[in-house]
Amino acid sequence: MAKIIGNSLSNIPWQEKPEGYEMPIWRYKSNPIIKRNAIPSSNSVFNSAVVPFKDGYAGAFRCDSKSVSMDIFAGFSKDGVNWEIEHEPIVFQSDNTELLKKEFRYDPRICFIEDRYYITWCNGYHGPTIGIGYTFDFKEFFQMENAFLPFNRNGVLFPRMINGKYAMLSRPSDNGHTPFGDIYYSQSNDLEYWGHHRHVMATIPGNDSAWQSTKIGPGPIPIETDEGWLLIYHGVITTCNGFVYRMGCALLDINEPWKVKYRSKDYIMTPTTDYECIGDVPNVIFPCAALTDADTGRIVLYYGCADTVTGLAFTTVDTLLDYLKANSL
Amino acid sequence: MAKIIGNSLSNIPWQEKPEGYEMPIWRYKSNPIIKRNAIPSSNSVFNSAVVPFKDGYAGAFRCDSKSVSMDIFAGFSKDGVNWEIEHEPIVFQSDNTELLKKEFRYDPRICFIEDRYYITWCNGYHGPTIGIGYTFDFKEFFQMENAFLPFNRNGVLFPRMINGKYAMLSRPSDNGHTPFGDIYYSQSNDLEYWGHHRHVMATIPGNDSAWQSTKIGPGPIPIETDEGWLLIYHGVITTCNGFVYRMGCALLDINEPWKVKYRSKDYIMTPTTDYECIGDVPNVIFPCAALTDADTGRIVLYYGCADTVTGLAFTTVDTLLDYLKANSL
Amino acid sequence: MAKIIGNSLSNIPWQEKPEGYEMPIWRYKSNPIIKRNAIPSSNSVFNSAVVPFKDGYAGAFRCDSKSVSMDIFAGFSKDGVNWEIEHEPIVFQSDNTELLKKEFRYDPRICFIEDRYYITWCNGYHGPTIGIGYTFDFKEFFQMENAFLPFNRNGVLFPRMINGKYAMLSRPSDNGHTPFGDIYYSQSNDLEYWGHHRHVMATIPGNDSAWQSTKIGPGPIPIETDEGWLLIYHGVITTCNGFVYRMGCALLDINEPWKVKYRSKDYIMTPTTDYECIGDVPNVIFPCAALTDADTGRIVLYYGCADTVTGLAFTTVDTLLDYLKANSL
Amino acid sequence: MAKIIGNSLSNIPWQEKPEGYEMPIWRYKSNPIIKRNAIPSSNSVFNSAVVPFKDGYAGAFRCDSKSVSMDIFAGFSKDGVNWEIEHEPIVFQSDNTELLKKEFRYDPRICFIEDRYYITWCNGYHGPTIGIGYTFDFKEFFQMENAFLPFNRNGVLFPRMINGKYAMLSRPSDNGHTPFGDIYYSQSNDLEYWGHHRHVMATIPGNDSAWQSTKIGPGPIPIETDEGWLLIYHGVITTCNGFVYRMGCALLDINEPWKVKYRSKDYIMTPTTDYECIGDVPNVIFPCAALTDADTGRIVLYYGCADTVTGLAFTTVDTLLDYLKANSL
Amino acid sequence: MAKIIGNSLSNIPWQEKPEGYEMPIWRYKSNPIIKRNAIPSSNSVFNSAVVPFKDGYAGAFRCDSKSVSMDIFAGFSKDGVNWEIEHEPIVFQSDNTELLKKEFRYDPRICFIEDRYYITWCNGYHGPTIGIGYTFDFKEFFQMENAFLPFNRNGVLFPRMINGKYAMLSRPSDNGHTPFGDIYYSQSNDLEYWGHHRHVMATIPGNDSAWQSTKIGPGPIPIETDEGWLLIYHGVITTCNGFVYRMGCALLDINEPWKVKYRSKDYIMTPTTDYECIGDVPNVIFPCAALTDADTGRIVLYYGCADTVTGLAFTTVDTLLDYLKANSL
Amino acid sequence: MAKIIGNSLSNIPWQEKPEGYEMPIWRYKSNPIIKRNAIPSSNSVFNSAVVPFKDGYAGAFRCDSKSVSMDIFAGFSKDGVNWEIEHEPIVFQSDNTELLKKEFRYDPRICFIEDRYYITWCNGYHGPTIGIGYTFDFKEFFQMENAFLPFNRNGVLFPRMINGKYAMLSRPSDNGHTPFGDIYYSQSNDLEYWGHHRHVMATIPGNDSAWQSTKIGPGPIPIETDEGWLLIYHGVITTCNGFVYRMGCALLDINEPWKVKYRSKDYIMTPTTDYECIGDVPNVIFPCAALTDADTGRIVLYYGCADTVTGLAFTTVDTLLDYLKANSL
């Protein structure tokens, strides 16, 4: 039995696995939990991040507007299922005004480290790169320097320092609908200057695990377990009618997380429902956040559906690790 | 309160805006009004034009055949909702036999000027260009010279002469699935020779209004109002899984229609229903015609859905102009 | 009245044509007959072949795994509708071990000739080419030499020798999502060495029959009739949102099958249902097998739906030939 | 013996055909006559037009600047070989200030009609289209309306009205390095409004005349002969290392110039010299102007070389027509 | 010391290796030996094949015409350097008239087997494939069936049966400027039906041997030596300005020629001279034929230069094998 | 008169500007100074860096091998013109063995800071990124951590700390022949961790300065002057026959080098000679190093020519700054 290293979260949203269901992740029955028009200005709400906050939850939500501008918004929930999202995007403060010029902001992650909530997101600065900011209260937000040069997407922090350094996973990319992309690991003493970059995982060419043959990118904040870091990630295949985004997972070495102990040959989730297969970008599931309860091993995933709405799905650390080990590359 | 400059149309099809509905355009509840197999030979019926005719309505319909050939067909309706479409395509007459060789014909518009109904369409003449013809009775049709050299799509006439000249909006393009396209304005003394071309609107690069970042094209015949010409147009974004076609609107100067007074930063309608998101080309709404009632300010839109069926949607001139002014670029 | 030259198949699956239905092929009402997770390892089951076997049916099924690897599996059915598919892929025997190294295997066809069941499939050998094997009992399988050099797809044998030679239709292609492809005819004395290749049918450029303008490929084993070989094939168009796969048919000369007597200008079937329009690759129907009953002229088609599930559809030789002759290029 | 219908030009530049030379066009021995740095600001001088003017010659020259901006400059010569080009680009006058905003200007042609010298060029107006202006003295220049909507290149006027109308050849294109392009004919009563467009010549697919398989475009002002209009044009093939531009010719019907009487299956000139094969765009010869002497039938071509310098070449009307008739498609 | 297994050829063209020259192949000092206008109709003469014939030499020459049509022509030479090429293309005889319809013919090879000269070439039959014909006297030519289905290029026969079968190397490709391509081996009992295809060599991805990273194809008829078959082949890299074609060699197992004993990591020749770097397709050297003298080990290569002219180059079997072994992958 | 802030270099290679030469940079008369076969293994030697070293010069040279592998080699020269290049590539030492696995290495720059020579280069680490190493004596070389995540090219250090930080210019890119690319500025306390990235210069779209419309990248180590940092960079345009690489320069603010004071609208050098226009990649000049003499203001550039050989060119700080100011964007 694997153990999640982390906090208890007794009010974690939960539904039991349906009878006879065979895949390691099961959907919330009333998905999607957030509709495309959740706030007056929104065209779609997806690829969003949530964390336990006070006696409930807070989050940073990607709400594409009805002008189809991409931006991130704060939101709050008592139960993790029903959300109130602010109607105005997050306003960051910084002494450096150039940093605050935002071309676009999307696909946030939130990571609590030490005393504050760090938000990372895909930040438009002459191309997509990884923006970093933090908040203590989800009211005031402070923007730091971008982590990297463009072009990058999916900056995902680890929830504690490793070997005395902050650590981030990301996917270097280009300036468009990148048709390639591996996962790398970067380190920092201060979350300001980054280096010691390590390659973690590549796409899998050919027929062996074709669902992740075009590009892969890290999803939620890695989950610390007694067997290593549990990373949930997205993988993409190019069909003759476009991309399909699926979900996989990997177990990374606890001290050298660029070393992969197990990696899912089989995907762990694939688009099958209408709200995943129909929408602005069909056939996309894209996980950005996970809640975990160390007591029960429960894991709740928040994932974007068809780049249009937000879904919830459930698993446990044992379910996932067992599946991973049984279906590893 | 804005006024439509035009005729009364007391029998205009109509449904009230649903309670709590927030977008400026609302769908007919029994959409689609024309199914894909509306005539025996049809694969799909969409991107079509209608006008008041006698005590009812007439139209020119794009019916792609079961060989997926594109052609236009006449049709008639008492109420604007239930349509009888001819089983044979429109036959034009002309002294010039070369003109009558049709490679393909699609996406018609109809514009009543003075004494007759002008039809414009995308006409295959060694590439797509703008064909022009007219009819008095929707029985006999007369073909004129093509307006322009290839390559062009979406030729849309103004319903009266402006500055003593006929006027047409169009979208120059290329010979395939053009991934670019602005709207231009052209003038003519006789609908035969065209010149004095003016650029009207470009696509919007970047994040500001990304739904119209790939190409835009004029939709229905512009609606004359006391504040200017109300133009409804389509805008296209390129996602990693293809194009999404949405709808926007603009207010053009009444005397110099190449000058844009307002232009929708937010789209006014986006594909959300099954019949818009599923079909031969998913995620397409494409408006080609509008009925208006000057008495009530009501506007009814006919639009193609997923390049497969035809839908109906409603708004009013005030609803649209208020929204436009509140959400203008 | 046309006649199928072949065996009786009294237990052929069957449903009558729905009242008022106008197309020449009608779907099984409980489609899809095989779901995407039909076996524990499968992501999808589609593009598969079946034949009468003993007092029921046997088949070779393309099951893409949850790692999205493509392979073929044997399966059995009493009624042709309810299938039991093996959980492990077909294992071929051969003295030549290099041949048995499989990069991937997909889109099988099965053809009974003389005393055994030949299976042909798209076989990965430094690129896709046509693999050939045979079985007597669907338990032991023997692999022969690949028919051709790469790159090729859709190798379809004729059910008897023609002019004293084995004959195969195929679609030469390239190493990716080939955007071109005609149908050719090849001959062999021994199913081992192939030559005397003949061009059969090309794609149709332009507007005349645009559904088959990008590529075409043979589907089920050709059906021998007293008027010629009835070939059902797929045709593909490139829309701005990807490919659409439809179905057509042709009548080939009985002795010189590279000569086309009739060819469907209109398609005979197009994706319209949810299970054909939604899935891993939307808007695909892809026929790989047909059952026929010479007594009644009934034809049952097995076809892949959206590269995800398997459907069943019905027609008769008369229905299809009448439609073909009435709608021929 | 064919006759040029036109003026005498006794001082036409001239060199005799070299002994044993077999092609119908021979080069000036001291080519290039204009070097890339002919004026202080120029990176290259090519694709330019000249006409007899007073007792010498005048011209409009495409000089790309050292910032690689494309613009046109006036120039003068006594002998047609040695040229003085102005150091500042041509300044057009117009009442319409929007017209004068130039995005870019390139590839001019000059055509004397009635009382003035008309200049047409590829004019940047929200994309490339055909600009028209005129001058009486090559000192003052007046800009008219653009002839067409974008996208178009190579607007070439006929030197007199035909059937009572001005006439222009052009090549519709797109907004980049267009990989397609046919020649069309357009008509006008006033050089301001254009219509009655006719297709003249298409590219030749396949192996028959592959040098003109990608795109073709009209070159110098058509030369009137007693057998029809002699059109010299460029044709382009796509090799695996880019485009090669060659020269061909055609004889157009004198009254219906969109009807082609002869068209060169063989090219009439191909890049072979260093100054044609090496430069900013290797392997390009591009004719934009011709001088003719009706007395002797001599024709002198001015052509751009490798998009870098300007060359001179010679032929006679008989040489060209004989070759054309002997090598016609 | 390696030995060529073959005939003496005492009058083989020859020049000694220049003093201090370090590469294994050296050029004929008066290259190119065949100019682009070698026959009246030719635009270029390259990628051609020669063999000893009577007391001199005969050959099949690719002469692209001045319409840039590709065809093959017979030619004769006393010394292998000075060639007389026929002015009309080779005319093949066959009972099958469909075979004689030629779309295009290019890049011939000639292989003497038993009693006749076999010619193979890239033959247009609904796409490029491998044509085969033979002659006894270079006056009468007989066409056989195409070896393969399209798409294929570079069909190169072995000069004797191997394991009792005829053998051919080739490069499967697609219908354009194929950006991929490996070398395969095919076998036949009768030169009519082909099978038992084996993969021989793939391109080399990455930095290890990048000159052959895009595609490779067999060149001259393999040279039999006492150490194996010496194959000279072309390899292609994609630069940002197009393809560069270079030359390499390999030593294939004498009895199982699909097994590679040595393969050149370093190229053996690269374009450096003006006639190789400038022309219709710059930076191409393309070997199609070799003469050998078993007595001296001399090898003479005929190779196309820049797709424009024909060059000659020299080496010896020892020079090449030593270099190959010292620089093998 | 501008002043170079730096050392005297009395033995700097030098030739005076030719009489009447108008461009700000003039070539060494005996270019290229390094031929393609400068060392036995080399296919080409270009894009290389040199620095004053002891009483002469040392350098790091990009020598592509005859297998067309890219690597860097040390070299030495007395006079900066005649070079001896080592026959084996540079061997770096590091405790981290993963770092030493080189996929490829190319386009080095050398920058002396404080006490040692830093070498930066394009380093293959799961894609191109910026490698950093140093040497004291050009005998022993020590490799540090890569500066950035892939994908990046052209990492160019500043020769002293700025605002207390090391500084580097670079061009983020993708994993192929990147068709885009701006210049950015990055900062570091230790050359190990990088951050505070700033955008410096973008490409120039449209006609204004088209030679730098596709991509730009920093060249030699910036030259400190009393007016700011003088940056020489390459700029690229996309023609229909590929890229052309030219040279430009800019003056950056001395304390905030991401602020551009002047930037060349006109290029300062363009390919015109045979050795720049003919070679493995025609039409490329690519500067990687500059020598400067503070006493005289002389500047010597080392630049790659056609990706094949290495050239030398001369200017002075005044010549360049005057030209820059007179031709600035």
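By letter and in written order, the chains are A, B, C, D, E and F; residue numbering begins at 1 in each of them.
Keep in mind that, in the parts below, a contact is a pair of C-beta atoms (placed from the backbone, for glycine too) under 8 Å apart; a residue touches a chain by one contact, two chains touch by 3 or more.
Each chain and its UniProt protein: A, B, C, D, E, F = Glycoside hydrolase family 130 protein.
Note that this is a predicted model, so its numbers are computed, not measured.
K.L.:
Among the chains, which is located farthest from chain E on the basis of C-alpha centroids?
P.N.:
Farthest from chain E by mean C-alpha position: B.
K.L.:
For the copies chain E and chain F, give the interface type as same if over half of its residue numbers appear on both sides, and as different if under half do.
P.N.:
Here the answer is different, because the shared fraction of interface numbers falls below one half.
K.L.:
By CA centroid distance, what chain is farthest from chain A?
P.N.:
D
K.L.:
Chain D to chain F: how many Å between their CA centres?
P.N.:
Chain centroid spacing, chain D to chain F, equals 42 Å.
K.L.:
In whole angstrom, how far does the Cα centroid of chain C sit from the Cα centroid of chain F?
P.N.:
59
K.L.:
Among the residues of chain B, which are close enough to touch at least two other chains?
P.N.:
Counting only residues that touch two or more other chains, chain B contributes 241-242, 278, 282-283.
K.L.:
Can you identify all of the chain pairs that touch?
P.N.:
Between chains, contact exists in these pairs: A-B, A-C, A-F, B-C, B-D, C-E, D-E, D-F, E-F.
K.L.:
Note which residues of chain D are touching chain F in the complex, please.
P.N.:
For chain D paired with chain F, touching residues are 36-37, 40-41, 43, 65-70, 103-104, 124, 177, 241-243, 278-284, 307.
K.L.:
Considering only the defined contacts, which chain C positions touch chain B in the complex?
P.N.:
22, 206-211, 237-242, 244, 265-267, 270, 272, 274, 277-278, 282-283, 327
K.L.:
Please give the residue numbers of chain D that touch chain B in the complex, ascending.
P.N.:
98, 125-127, 129, 145-152, 170, 172-175, 178, 180, 182, 184, 186-189, 192-199, 202
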